[in-house]
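Here subunit A shows up in two complexes: once beside subunit B, once beside subunit C.
Now for the complex of A and B:
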């Protein structure tokens, strides 16, 4: 059924990066995430799959406290990054988000030049002392975002003038420029054509050597292609979490099987 | 397959080239609607043209004024009895000392030109000359005492009746009851008009000058009240823009959504609809009666208009902040920017064109506002003196453009009626310029995302 070869990477050796325990999320009265406990590993791509409205994006946004911007959203339970509770009162969400970067569903470059898009994060975090440092950071980030060759001659052209796929890779470059430890991606390819999708997927695989990547996707093929671990969400529950190869070939839960064979969702 | 065909057969076969009844009715309705639209726009344009042409037709005359060119002999025996050309001593000679000089010079001029007239001396001809001419000549002499003893070519302001005669406002029929001028004077004007001694020329004093008393419309200008308006607009700009933008950013980006902020929001919308005279009485109570700021001062006018402009600026700023896509905020927060950094680095620059447009439209509204100024004493004040500095520009009594126009429109002399229309033209030019600035700024700052 799935043409892409399933990766059988040994990931057990990687340590735990993010750990969630009994997480509940409410939007006002609506109980969106129910009792989710999961441990995400370092230097691993973890895919969240599940039908629309199952809470996978909501859960993703809890991991860098982007839900704080929604007034009616309430998070309970424990989410920790390297053993530290990220919802602790002493945690500044701004510092957290510098460590846990995010790429969004729709490419959203700032209406500034390509260079300024990438340089913005390093600038506000004071990562570069000199202009040369900053140039280097920008180049490195754009290379990691696999877009350097396409934009190196027009760094000062507006980022909004790029094609959709280029914009998304620019956003990835922008996210990695601040040297995060975890990269959250919320359906990063949903607005892209197959060629751009392939480029972004290749990129995600490369990013794995440095970061822990969490990707929400609607495409099960994509999950199978890029991830080592997969979590299946359904109606706010985390139904099953395990090795990607195991989830797609030998799911334990019947709901998982129904979803990946296309009977629900 | 068979079901589909049997259902299709229920609809009669029609040709595409001939429209059926239903389509015809629909097309007719559409055509009618377009005609209504065109008619509405046509009516709007028609009234605009009528309005503009009547304003320009009535007001353009104020930009032309009648002058009489007379060589005036500045007699040292009258102006400087001691002969030492000391301006302090010469200042003792009041305008009454200058009046006979001008009148006699005009009489002499008429004699020299050989124009037949029934009048026997200069005093009989003073109806031609503006009452302000003597003061103007005196100012010129005191500024330059060496002129005394010489004959100076002097452009005397003609009296408003003469000006009206040249502009067809005053006719020989209309002066039969008029004590100020006789038919003989008009004969004289006709004669002097032929050789160009009496002529109309561009009236800069109308734009730069100050207001004059009721009996001297020919001297009245809008300049001083323009300064009053300028100082008021400075107050409005430097208070309403920062306060309004800060309030909107807080309400839009930082404030929690609760009953209290809802209450504030509703009240701001309501304030925008409060009649401006209410703000006027508030300004009177708060700034003059309570804070004891000077009456009629542009500072008080500016503060009052700030109250009135704030809701406009807050509403337009919030609308333009709302229009910035949330994805930009997410992007900034996603790379670890703080809330304030995301607002000031990304949201505010994108909202800037809307904020500027809203501010300028608010300012333009404040510039044309008259009612609040009634209550703080800026209407009715005769703005005859220029403020002598920045501070007195804010603190000393003054008028404002719309208040000055209203004041002129109230006065009895028809010459003031023309000046009121002329003032409207100047006010409209200011509003037009401000709107153009708003459009240019919007274009300049507009960015796509």
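Now for the complex of A and C:
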């Protein structure tokens, strides 16, 4: 137990970024998320783990209202970002998504050049006044995405021509280019090989200094490596939420223990 | 033996073969055969039908040609009177032969009489008149003789046809049943057979296309023999007159075609594309459920109805605005604009339904990616979805263009018949297709340049649309992988 010291001081200093209270999600008749209440901290990596179909991706997509694009999906309960209800009628989901960026399971670069992929967000949100500003934003984002050195000589080559790992880092760079406050990652490494995974994980750790990061993952090692807080979902319930080291070494709930030791899932 | 009987006999043999093949393996013993019993049945049935029907089809195609050639050769020089052609005499021969057949079947004469009668001692013309076959002139001895030859050869041919087809069917039956033992791989044999059938279907489609092209090429060649290609492609006047001295320049027609197609595309592409974007991105499932079929109904309207719409509604409507009482640009209801607008309406469902499929094929992950960055729906469509779908949309537009170029009825009704080179879209013009119709309808002499020009026009049109289609396919293929 002493092998993994708790990073208590580190975590407790951070304030609450996103708070969810009694969230219910329905897909048509199907009750996908049941009574989930959770408080996600700023400048922290939070991992959502759980077996397939347990609702962790669904819950993640509620945090930036991506579920709005699905007709049959209905969300109840309260989710607030910095104390403001994001499902309030006055909230523009488009503005919200600029604040709460998202990276998807499969790398999805647009069929445009690498430069245009990254410049897409800044352009639509008017973050750059001049071409030089935009160049700077793109370079900064690509450096943050740990891909600058690989693509700096071919910024105008199509983004779809990169390898899978590069594409995913490009998508992360694209997401950070809009200067979000929260970054949601839905199994960002599931399509990547171990080397690209290591690069992305390193990147997530760096992103923690600026953003609140929420990552859904199927790999428990990955959750243990990159996150400070872990939430375990099972059958639509949030079973347990706490310090990563505590969840992995001394889980409170028996279901968490069974999942971590590989008995259910 | 009539062909229908022959077909029924072969089918009966096939059924018998199916049952025999099945029975032979099922009754052979306890050990399981290689394939399911039905496969043995189908194997025999296929072996009965395939060669027999193939032989029948080939025979039906080849026999008339051979008989014609034989009879023509037998006619000799003297049989063709002054002012007639061999073709006319041969059609006389066929009519007389047909008339004799009718007379025999009605019992007016016996088959022996028909073979033995001579022009000198019987009135063939009145005899055939009684049988219901009217002839323009008395039957000359040569023609009667040729007709008798023709009948004799055909009846011999028909006898051998029946014999060969039935022999092949029986042979196939025996062969197939002999094969049907437990170790025979009937399943694989049937698989091969099915592949052959599919291959045959595909080849028929391709061969037909080749046949059409060849017939066009042949007639186009004939046209350029009687009319210089340099004038066809070099002259800016189109004034055919069947009396001779016509000028057949393609440019006025080509200009009309391209002008009308251009207006049609200007109407159809934006409207069709926006409709597709609305249907695939904005419309709810309920709206989509009835709007899409409704739009596709528009595609099912026959073009002649669109032509009437142009003639009766759109033309007069335009005339009130742009005609003598309005702006004074338009002389009559038929104009490039009328035809172009209506053709554009016709193409809207074509463009929208193709584009809709293409837009739906853009992966959802790209949309999610864009929404996840805080883009609005229209930003996503403009900057991500349309660029990703662009090659397909370009392909759809090019396909629509080749339809516009080949469209006939709307032009006939809507655009007028005057071949002229003008920039005013309210002038009447005509197109290549409309002129093909007008050159070939009526009693055209198929050897005159005025009729043959239709084939040259058709060939030009074919090459243009073929080029467009190839180009469209090339574009679609080249850029297709971009978002996969």
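Definition applied: the second predicted complex is superposed on the first by the 256 of 265 C-alpha atoms of A that agree within 3 Å, B and C clash if a C-alpha of one lies under 4 Å from a C-alpha of the other, contacts with A are read in each partner's own complex, and residues count from 1 in each chain.
Rule of thumb we're sticking to: a residue touches a chain if its C-beta (ideal position, glycine included) is under 8 Å from a C-beta of that chain, and two chains touch if they have at least 3 such contacts.
Keep in mind that this is a model prediction, so the values were computed, not measured.
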*Fit or clash for subunit B plus subunit C once both are placed on subunit A?*
clash
_Contacts of A:111 with subunit B and subunit C, given as first, second, both or neither_ = both
_A:69 in the overlay: touching subunit B, subunit C, both, or neither? Say first, second, both or neither._
both
*Counting only touches as set out at the top, which of subunit B and subunit C does A:101 meet: first, second, both, neither?*
both
*Which listed stretch of subunit B (22-30, 94-102, 112-120 or 184-192) steric-clashes with subunit C in the superposition?*
22-30
_Shared subunit A contacts, counted only where both subunit B and subunit C touch the same residue_ = 64, 66, 69, 71, 94-95, 97-98, 101-104, 106, 108-111, 120-121, 124-125, 160, 171, 174-175, 178
*asked:* So in the complex, the part of subunit B that touches subunit A is made up of which residues?
replied: 256-257, 325, 327-338, 341, 345-346, 350, 447-449
*Of all residues in subunit A, which touch subunit B in the complex?*
64, 66, 69, 71, 94-95, 97-98, 101-104, 106, 108-111, 120-121, 124-125, 160, 171, 174-175, 177-178
*Which residues of subunit A touch subunit C in their complex?*
64, 66, 69, 71, 94-99, 101-104, 106, 108-112, 120-121, 124-125, 158, 160, 171, 174-175, 178
*In the complex, go through subunit C and note every residue touching subunit A.*
284-285, 363, 365-376, 379, 383-384, 387-388, 482-483
